[in-house]
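Each of the next two complexes has chain A plus one other chain: chain B in the first, chain C in the second.
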Partner chain A sequence: MKYTSLPAFAFSLMLLPAAAYAQDYEAAVKSSLPDFAQANAFSGVTINVACRHLPAMDFIESHKALFEQYTGAKINFTDYPENDLRSHIVADAANKAGGFQLYCLDDNYIPLFASNKWVQPLDSVIKPAYKIDDLFDSLKSAYSWQGKLSGLPIYSEVTILYYRKDLLAAKNIAVPKTIAELEDAAVKLKNAPRTYGIALRGLRGEGMNVYTWTEWLRSYGGDFLGPQMQPVFNSPEAIEGTEHYAKIIHDAGPPGSGTWGWPQVSSSFAAGRVAMTVESTAFYPTFNDPKQSNVVGNVGYAVVPAGPKGAYPANYAIGLAVAASVDPSSKAFTATSDFLQWATSQQMEFARTAQGIGNEDRKSVNQSALLKSKLDPAYIEAVSEGQKITKTNYRPMIPQWREMGDIIGAHIESVFTGSTTAKDALDAAAAEVSDRFKTEGVLNTPRQYEELFPSN
Partner chain B sequence: MTATGGIAIGSSPRLAPRRRSWLRSPWLVPLPGFLLLAVLSLPPFLYALYLSFINVDISLPNNKVHFVGLANYAQVLGSPVGQHALLITLIVSFGSTAAAIVIGLVIAYLIHLFAGRLDGLVTVLVLIPLAVSPVAMALVFSLMLDPLYGPVPQIVAFLTGALIAPTGTSLGALLTIIFVQTWQWSPLAVILLLGGIKSLPIEPIEAAMIDGASFWRALWHIHLPLLRPLLAVAAIFEFILCSQVFAATELLTNGGPGNATVDLSLYIYKIGISESSQVSVAAAAGVITLILGLISTAVWLKVAKWDVQVYQ
Partner chain C sequence: MSAALPLGMPTAARRPRFRRGTLTTIIGRIALALFLGVWMLPLYWLVNTTFKFKVQIQSEMPVWFPSPPTMENIDWVLNNLDHAAIYRSIRVVAVSVLFSVIFGPLMAYALSRFRTRFNRQLESWIISTRMMPPAALIMPFYFIFLRVHLLNNELGLMLLYIAINLPLTSWIMLAYLRGLPEDAEEAARIDGCTRWGAFWHIILPMTRASIAAAGLLVTILTWNEFFIAFVITSSNITFPVQVAGFLANGMNPEYGHMAAAGLLLSLPTVLIAIIFHRALLSGLHAFAGGK
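Up next, the complex of A and B:
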């Protein structure tokens, strides 16, 4: 007994500080309630949330009882599959059905929803306790439409360069800082058919190939739209960027990877079949989970490589917004906006980080000792730097973006598979987008956002 | 008739009281069925037809909805993406129908000639693909053809040294879709044709063989013509099944590379729901698909002459 209990006792002593920390963060979530809402003020109010499963969302859902007990409001979460969520929310918003008070929205839906007045502006109700300036700046502007805050983020990501430390060291290759170095390293690291140099997204889609291809477009100086909303993403710079993206897939990517989406890209890196990838920070847990990854301990992290015009990490965020059907003068609106701020507060984010749910939205969490104790410092550095340099209008934040992105995605996929040239594909996409903009009545109207290269 | 000497046969006015004429209408018996079908299928069809002549776009809720004539049809038939989708629909449905009939015929003859007493068991095994859900099948094929983990590219790499990605090129992806459709639906042709082969008279073949015809000549000139009505029926069924592609194009290639395997159904899904919100254009494409289906079936019926007896 004595001999077994002694190590157990020592072990529990070691665990004690960590456990105490987690409890402290939980306690802070509870004790922060008076900063966000009045006690027993919202009895009879029901808040329906249209959302999808995300670790951060599930974490909020598991804490909703605290808010319910404190304020008397009732909160229902309705989880939809990712692809169904949008149509449910659009139907609710467009028909003013009022079925939901909170919508879970990707940042690139904010322009569509805000311009159609489907969501309520939030500027006047943000409380000092929310510490809004603590959010990454790019994230705050992504959730604003024409200067009005239209939602609050619960999840954010940027892209970073993941590389295999062991493979680069074996060939004595330095971590690529430019796209030229990346191309060079990828070809040198290719050892077919066992390992390939790099995997990048090729599959069509605004959230697929366009998400990472835009880095190349921006890095070579390409823009999406001119001052009068005319498509310019078939400019010589854009063609050059697209050719480089296609070339690295062709020269160093696995066969057929011109049609890969993120599932194939991430699983091939986790399986150790590719040496590098430029992917979302969302894959950090996958690559570091021994159950899903063969490369634990060998993964290096860096800011995405730069082209002639600099480095442009992709960004993406998910947040919650208050439906327009909630009357801003009503008790329901106060309850909804109070709950929203509490649910996305700094305290909540620390508590979920303590539970190992990453993807931080706030500078304070990103730079905290808590995060450093949980994640690779090189990764934290890459995220912090990436969040600093990423641009809100990396992709145009306009209501038409999704559709325009999908049109571009379909055409550039055939460049990545070698079926057509970058010029032909981008010209065809530009013509299609022009037609569509004409129908929508936005062609030859002033552009509503700042392009990254204003010279165009 | 006159030999019956005035005794009336059937529903004579003298034996049964005369009913009102509408009660004897040939339309009366199937009327409830027609009504049910009309209630269930006409409203959505008429609504789709209505949608296809106006300009509904979900992402533009403040747009004024008005009559646009044939503009949506012009967009489907006039745009490169729409034309390509039409072409892919024709290639996939005719290609996989032809392949399914040929393969079904070969397998049916093989079972008939060589399976002997095991033919029941073999037929059940052959039928397995019919029972597999198209979604499951598309996913299984996408795993099998995966260049890094799939067995098919691994075997090819072992034999030739080159790792290939079958769905990585436009032609490869199109052939893969046709192959998957053929694999799924050819068993139907097998059972239809096997039944036909077994029921055909053996005498004409025997007579021809006695007259000195080779096995192949007898098969080609006597057996196959006898089988023609069944071949035609099988072809019509196969065409209806093979032209309904969605799981394979959506899950196996996602219409890719680029637009290489986007057929009309996937085009409708993408332009109306998943990538754009032009519901009216999608409705117009749906009507075009329907018309195309009707024309194709009519052409099949005409070409195949399935209701014409052969040696009579």
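Up next, the complex of A and C:
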């Protein structure tokens, strides 16, 4: 053997797992069943899952027959539109109606459901085969409430900086690492009316503008709530962050983008109309699909830029939780929790990744040769780094978050459209949240989560 | 004179310049066309989107006609539909409509022929479930069903649909029966017919068309019903609830799937409306107080 072929041989060994056929991953899903459940143990048990169509969820659904055949359980998936799903499971949980044994829950719903005891804690039933430490740490804590594991993730995302490699190279601009550099680059890249520097979410909503704006709030040192639940997101730091977010939209964003939601932001980047965006990793497939994107091959990926207080990628996850109406001592509970672990197992995640369904929840998958063979290494690196530094309490994980986030979103939208100042908008939002908390009786009660900047 | 001619017809006797009849006809026709356009637009969108590729659906330039038309959305829906939901819908509609069509006319007959002091109140009370918005009605039903274990239950759904359809069929029939002269019935009674016999031999043959119209109407309303089925069921969903779930896949709006599923869902009702439109119109006419 010539010595030159040695590195080649070693390299091919490294690639071996990547070259493994999709069938091998499928086989692993099947052969892992005994690690999660006992054969024929659950005949007569029906597991009803309330969910919505997600590629990862549909993948699990398409494999349910394996679990059914092995254990005898019967599994039904009911898919609802996103908002209908929420109202349905809240009604089911609050009334202990027992219509569903598994709920599909966003991570920021965990505090509400866990604090109301609408879902069962899972710590005692997690099996070694589940390899829980393989989950990204931020995900594990997002699905815990006061130290108790209350659900398992099937989907996760962080925000990253997407940029156009060709446009940045043409102007000789380095990839922005700070918000100041981002602002500078965005203005230089603006070539109106053909292309604009950046698009960011402006449209009101807890899951809309607040999702990405919070990054600016955090990066400039802003917090949401003080130790006694008093709103502090109108602090000078928060105002400064908001002003920077509004400024970059105003100076370098497409006209009218102050009211854009993620559909407009992502489609304008895919169409090649903007040079950069800070968006969810969920859009990687869109930007790289020639059917939907004009910028395939020209997209660069980086960790979100940092402000004076560091970089804060947003995070969001979807998972499954066991309904509280399932009696923990029953066969149904064992069946449900066994199915849940198998459905979200490492084997299942590898199998779906092999099918091109991304948004990994596990470190092993993120660092796998399989993923490297499918995705841009720069993207994998940005996700890995983003998952490492993202904070569980990026936005407060409290039962009141959704209404509070929506109030903030409505007020800051008017800053992004230029109709009011950051200070006025945040003061108004703080007053409104304060009133709301007072009527709910949570104002002046100890805060249930850790803020990122302990000086408050 | 030209009095016998329909309004708006030009005649030699009328002066050829400004004629009010013609103008109102033209305005009426334009208004009707606009109205029809607005009415038909969603249907056009539905059909158009069903046969478009995803790129065409999401394109910023509207694609008015799918070229080439694709069957991929229909295929996807056919492969992903849970047939159990369709069969459940058919069963629920069949049972509740059958019930309403049998007992609605009987209720109406009783109300129209046996007059008591409380008839008005009784009639209003019967229709009250139909008058209330479903959102107000659903709360008490949800909690009752929760207690008696009828949530997520096909029987529960049937009962609820009967409770909602029966008032409608009985009111349609009531309006019609009130307009029927009682002479024929009385003649039959004199000839020795019982009440039941009079109803069976005299009333029923005369009201067949109205009963059919009422039945068709509640069939369409029940087949399309989303809200109640959405709240009452969890795993045992109906066809419309299942179709709603196709709206998106993760962060990707799936208008093509949704449109194809919507088209399949509306096919039976559109067919009923086309085939039986005369019967339907007469039923609605009776309900509106006509004869």
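We adopt the following convention: the second predicted complex is superposed on the first by the 436 of 456 C-alpha atoms of A that agree within 3 Å, B and C clash if a C-alpha of one lies under 4 Å from a C-alpha of the other, contacts with A are read in each partner's own complex, and residues count from 1 in each chain.
By our rule, a residue touches a chain if its C-beta (ideal position, glycine included) is under 8 Å from a C-beta of that chain, and two chains touch if they have at least 3 such contacts.
Only a predicted model underlies this, so the values are computations on that prediction, with no experimental measurement involved.
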Inquiry  = Let's test your reading of the overlay: on chain A, do chain B and chain C clash or fit side by side?
reply    = clash
Inquiry  = Looking at A:Gly241, would you say it contacts chain B, chain C, both, or neither? Reply first, second, both or neither.
reply    = neither
Request  = Classify the contacts of A:Ser414 with the two partner chains as first (chain B alone), second (chain C alone), both, or neither.
outcome  = first
Inquiry  = For A:Leu203 in the superposed arrangement: first (chain B), second (chain C), both or neither?
reply    = first
Ask   = Is A:Ala97 in contact with chain B, with chain C, with both, or with neither (first, second, both, neither)?
value = second
Query = On chain A, which partner's contacts cover more residues, chain B's or chain C's?
reply = B
Query = Touching A:Tyr80, do we find chain B (first), chain C (second), both, or neither?
reply = second
Task = Go through the superposed model and pick first if A:Leu54 touches only chain B, second if only chain C, both, or neither.
result = second
Inquiry  = Per the contact definition in the header, classify A:Pro193: touching chain B only (first), chain C only (second), both, or neither.
reply    = first
Ask   = Does chain B (first) or chain C (second) touch A:Asp406, or do both, or does neither?
value = first
Key: chain B and chain C contact sites that coincide on chain A, given as residue numbers   = 271
Remark   = Residue set of chain A touching chain B in the complex reads 83, 87, 90, 94, 112, 116, 192-193, 202-206, 254-259, 261, 264, 268, 271, 273, 399-400, 402-403, 406-407, 410-414, 416-420, 425, 428, 432, 435-436, 439-440
Key: Contacting residues of chain C [partner chain A, same complex]   = 54-55, 58, 60, 142-143, 146, 151-152, 230-231, 233-235, 237, 241-242, 244-254
Task = Under the touch definition given earlier, write down the residues of chain A that touch chain C in their complex.
result = 46, 48, 50, 52-55, 58, 76, 78-82, 84, 88, 91-92, 95, 97, 99-100, 155, 262-263, 267, 271, 280, 282-283, 286, 291-292
Complex interface listing, chain B residues touching chain A = 57-62, 79-81, 146-149, 153, 157, 163-170, 173, 253-260, 270, 273-277
